[in-house]
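Shared chain: chain A. Partners: chain B in the first complex, chain C in the second.
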Partner chain A sequence: MRASMRVEPSPAMPELRRVIGDGEGHPDGEVTGLDDAGLLALHRSMVLLRTYDERSLTYHRQGRIGTYAIFWGTEAIQAGSVHALDEVDWVFPSYRESAIGLLRGMAPATILAWWRGHPAGWWDPRERRVASICVPIATHVPHAAGLAWGLRLRGERGCAVCYFGDGATSEGAFHEGANFAAVMDAPLVLLCNNNQWAISTPLAAQTRAAALADKAAGYGMPGVRVDGGDVLAVYDATRQAVERARAGEGPTLIEAVTYRMAPHATADDPSLYIDEARVEEERRSECVARYEGYLRRRGLLTDELAEAARADALAAMREGIAAAEALPAPDPALVFDTAYADPPAQLVAERAELLRLLSEDGR
Partner chain B sequence: MKTLVEAVNDGLHTEMERDPSVMVMGEDVGILGGVFRATAGLRERFGSDRCVDTPLAEAGILGTAVGLAMAGFRPVCEMQYDAFSYPCLDQLICHVGRYRWRTGGAMEFPITVRMPYGGRVRAPELHDDSPEAYYVHTPGIKVAIPSTPADAKGLLAAAIRDADPVVVLEPKLIYRTARGEVPEGEHVVPLGSARVARQGTDVTVVAYGAMVAVAEAAAERADASVEVLDLRSLKPLDEGALLESVGKTGRAVVVAEAPRVAGFAAEVAAVLAEKAILDLRGPVVRVTGYDVPYPYWTIEDAYLPSPERVLAALDKVMAF
Partner chain C sequence: MAYEFRMPDLGEGVAEGEIVRWLVAPGQEVAEDDLLVEIQTDKATVEVPSPASGVVSRILAEEGAVVPVGELLVVIGAEDGDGVPGNGPPAVTEPVQSRVQATPAVRRLAAELGVDLAALAGDGPVTEAAVRAAAGGPAGGRREPLRGVRRAIAEHLSRSHREVPAVTVVEECDFTHLSLTRGELSYLPFVLRATADALGRHPALNARLERDEIVYLDDVHLGVAMQTEAGLVVPVVRDAAAKAVETLATEVADLGAAAAAGTLVPEQLRGSTFTVSSAGRLGGLFATPLVNHPEVAILGVHRIAPRPAVIDGAILVRDIGLVSCTFDHRVVDGAVASAFLLDVIAGLEGREPGP
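Right, the complex of A and B next:
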């Protein structure tokens, strides 16, 4: 690596916020807004996401879902932020947060159907205020900015959180969305999962910025850096950003610093570019175990509760994959039926023609 | 009597008055009233939250419009010029045309994108393009192009009221030269209905936008009896009107100022080949721009379809 590609900390680089200690030299901190029940609910959310992710990898290997974007190790970013929201707030996931709807009560079968390429994986974003999964990089940032701006125009209390990765900050859509959000005082939280890799491209090849949070200054919004493996640090930073948003003070950029502890997706072979020893080291301090350590030190988490959280999540996944696999083959009419509210006549004719051919074939 | 751009302005006022969820957004649309004054007076009448001067970012304009639609608004986005709309194609292709499909039809995205388009205005590079093929080719999108002031108002109203996203291309060449009666108050021209601009019996010239006047000028001078069909709406396309006219005349020339290859004129020719082959007494001939970057203005007249080029095509078709 060229010397110039090494990134030195900038004088302005925000501190990396942590709340959870290590049980030894660094003491545990506290956050406002979560009582004991809230702390345990957050744990159950993390376990649900972790279980979803691990089971999905297995389902992929068994040929039961298609290509899957693994998010192992980022449950703290997703659960920590969602738990800092109210029901009125919107969530804009990238494919890395495909299962974030689970935290809003979405059925695992719905998301598994999405990864199975079945139209039952579609949902109405208004039902749970979870936008559709964004597959292209960063193009949903302007959507979240526009929606948040719209909530402000309507005088509603809600705000929006938009999730994206470090690579997304190189995209024009990130820039345009962040800038619009700032200019329109949109109640938006921009939450960057900086796992330091965009498939095989390391952060140092992505930007010369010392910290992604530094980019916030260019938009006139605060930039915050948190340890992305520390669920309480993510929760606290999101809570504060949401408070600002609701107070009409506009958007905040949160950089949650983590490390990609799994392949980019099931089709990826990171052995070609990543340092496996570093991955192993990162996995040893993964976020679910860190949070469980915190809860145990506080005397909140027992073996029984931990086991129950896992058992419930596993049961939900068993039920979910069974339901997804039991879905009937989708009606080919669906190729046509949702593209337009009022379809052009040519499309209506093509639909009839295809359905006639399919029925003649007895398919 | 109104000019075409005054009719657009009238249409925006009327639709914003009628429906408080309609908002206009774009570069310089507010205080300035748009570089062509299409949005003049909207900010004074409806306020800066409903006629919004945005940052200079076309993808951001259309991308935030997606979010505004999710929040229940009906955004009308102005792209300042045809070729400046290209950055918004990312949002248009990846999201605007797909989001309804992606929600299983649960959510509507009633977004209107309007822009001045086309050449012969003696402007710098990239102020002259005819990008309709990109838009027509995008699933989930509808496309309308008026050629008269009344249609400019009526098609825009139809676009704003439509539950699907609609791109309206306004022929800037005739923004101030096309004048005509425009109905007062609410006026809607349904998408997908073509207009017979001139009756004839020997050959149909199919055109849209500023090319309708070129077709009419050629028709005046032609020996044959020429029917001019103004498509008004490219998607949905009024196939019935097209097949009826060509069924009557048996001959067709298609005029469009965009480059030829895979342009909309080719689509019209393909529809006629598929559905009117037994009515045709000669080849369907296209008169279009060329497959080159739009030329500088001292030679742009050589690039654009002219009445002379249309007449040459008519001669070819009639002599077949």
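Right, the complex of A and C next:
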């Protein structure tokens, strides 16, 4: 007998959550958990990330750091989520969130050293509960799921937030991590920065799902869709997901919808594939200015405070790049020394050969 | 202390970059983050901001130069007396600037259209639309990217026009004898035959210029310019010197059919040593074809029509067409080109080549 197949009409697109209004027809909403000081601290975090990003692009062009993954326009996703966490919670960044450690007190020099390929950029993840920057796509989702499960097994209060892009949802590792976390009730927040582009692959060529948040249903976890340019919407969604996680109710998938407003990275020329008029339009409603509008409507942000946030961030970056550039050149043997506890003979021979060549070269 | 700025890796492991344009000049004072130079790599074209403040003391790479990553581009600040400029941390002053925000593409467009970006500065970056509007040019009209055959033509002919000091010599040719005897064949195979013969006697035109050497070529492969819907293509008839007119006619017809169908393969488009441009009715009274670089000359056959001619003191109606030879004057002298052209015409008129 032939199986009959019935295709249900696709479900309605999940609601796109917003908190910040437009100062005109749409009023601002409310969030719980942030007092005035908390709202201003969130602003400083966004400005710090924005400044880090803009300075890093300049440093790249000046030859002071290597290839750099620009995150301009997604500060709301990073700051909004981290501010909804406690210090006991873990953060698993992808390369798009390379500077998220700044929000945990990491020095700019450390992250700049990472982009300079210097071992001073290898931090100990346990120090600030910020995992290593993950460059392969989605391979850190199972890591985050496993760590979150471990926190639960040990009876700790913490949870984990794992950041990835829309392209990552097509990866096997995303499926494994999401499914595992759901089955184990791991305290995990899966935070998808859906900027609609996986380098040059548009979302429409990435998935047939109406919304990435819909994928959550297949794992038996809630899927939430928020405006990724609305820092308070991201904060609120993360806060609720963290509450669920701490209560032992398992993971949540948050789809933060945005649009990539910069090249994928410094080695990309998006004019070859992206609609630049759309990019210009998106940049006009970018997240920092939107949040500043909200704070000013509430009478919290003054020109002095905004200027001070920028000046402090710039000063931190100036110190950071100077410190990163002042680091002594690393020992080339490190390339070999940290790969194996017991290196195979071939690797030992290669190490010796490299050191011999370098010494002959007078270096 | 001087800051030595070296070619950065502007892509992801690119080996080199081309200097498109210097935005500063020696002696100019620059602040950190002022734009220094526009550099093009395989990945993109970017404007590079200065990592240091100071006076530009030396620029070491010319515009157009392709510079390996790590090579010295520019020295900023007074150089040390011991001649070993330091590459230490830059001056720690983050200048407060009010630079106009615009993407490199928009900046380039503004430069091309002569629009002052500063005049358009407002909230947010200057857009392409704003620059075009300010240029006051025609807002309407269809835009089409330069692609495929058109792009190849554009690059090839720009190079010829840029590099070749070309001179054209024109003579009259009496095609009456040929029009009576050619039968079903077009003029073109006869033109190829006469050209190949004349090249044998004037090898200076079957040559190419390679840097400091002129290479006189043994074989005669004739490029034949053909118009197609996609644009101009120049397929090649190989070893034309050894082929009879009938063979040349067949090959030209085959190449023409392939060109029209768009099925020419790269091998059929490579290796010509001399080119013939013969556009028939559309060949103009005369024209000055561009030399098909790296060749050194091109023969143009222009519109053949009944025209009055003076023969033995009488005015007769004859089939007359102008024939031109455009040549690279670096390699070929005018007298040589003229002698070659007269030789071709003698062949077409059915005469022995004259002295």
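By our rule, the second predicted complex is superposed on the first by the 329 of 363 C-alpha atoms of A that agree within 3 Å, B and C clash if a C-alpha of one lies under 4 Å from a C-alpha of the other, contacts with A are read in each partner's own complex, and residues count from 1 in each chain.
By definition in this document, contacts are C-beta pairs under 8 Å (C-beta built on N, C-alpha and C of every residue); 3 or more make two chains touch, one makes a residue touch a chain.
Only a predicted model underlies this, so the values are computations on that prediction, with no experimental measurement involved.
Of the two partner chains, chain C is the only one that A:R318 touches; chain B does not reach it.
Within the superposed three-chain model, A:T139 lies in touch with chain B and out of touch with chain C [touch as defined at top].
With both structures placed on the common chain, the touch criterion links A:W123 to chain B but leaves chain C unconnected. Within the superposed three-chain model, A:T58 lies in touch with chain C and out of touch with chain B [touch as defined at top].
By the document's definition of touching, of the two partners only chain C reaches A:D268; chain B does not.
More residues of chain A are touched by B (comparison of chain B with chain C).
Using the contact criterion defined above for the overlaid structures, shared-chain residue A:A131 touches chain B, although it does not reach chain C. Here chain C touches chain A in the complex through residues 5-14, 33, 43-44, 46-51, 89, 92, 94, 103, 105, 124-125, 127-128, going by the rule given at the top.
Those residues of chain A that touch chain C in the shared complex are 58, 60-64, 66-67, 263, 265-269, 271, 276, 280, 283-284, 314, 318, 322, 325-326. Chain A meets chain B in the complex at residues 119, 122-126, 131-132, 136, 139-151, 153-154, 172-173, 176-177, 179-180, 183-184, 337-342, 344-346. Contact residues of chain B toward chain A in the complex are 49, 54-55, 57, 59-60, 62-73, 87, 90-91, 94-95, 99-108, 139-140, 142, 162-164, 192, 235-237, 239.
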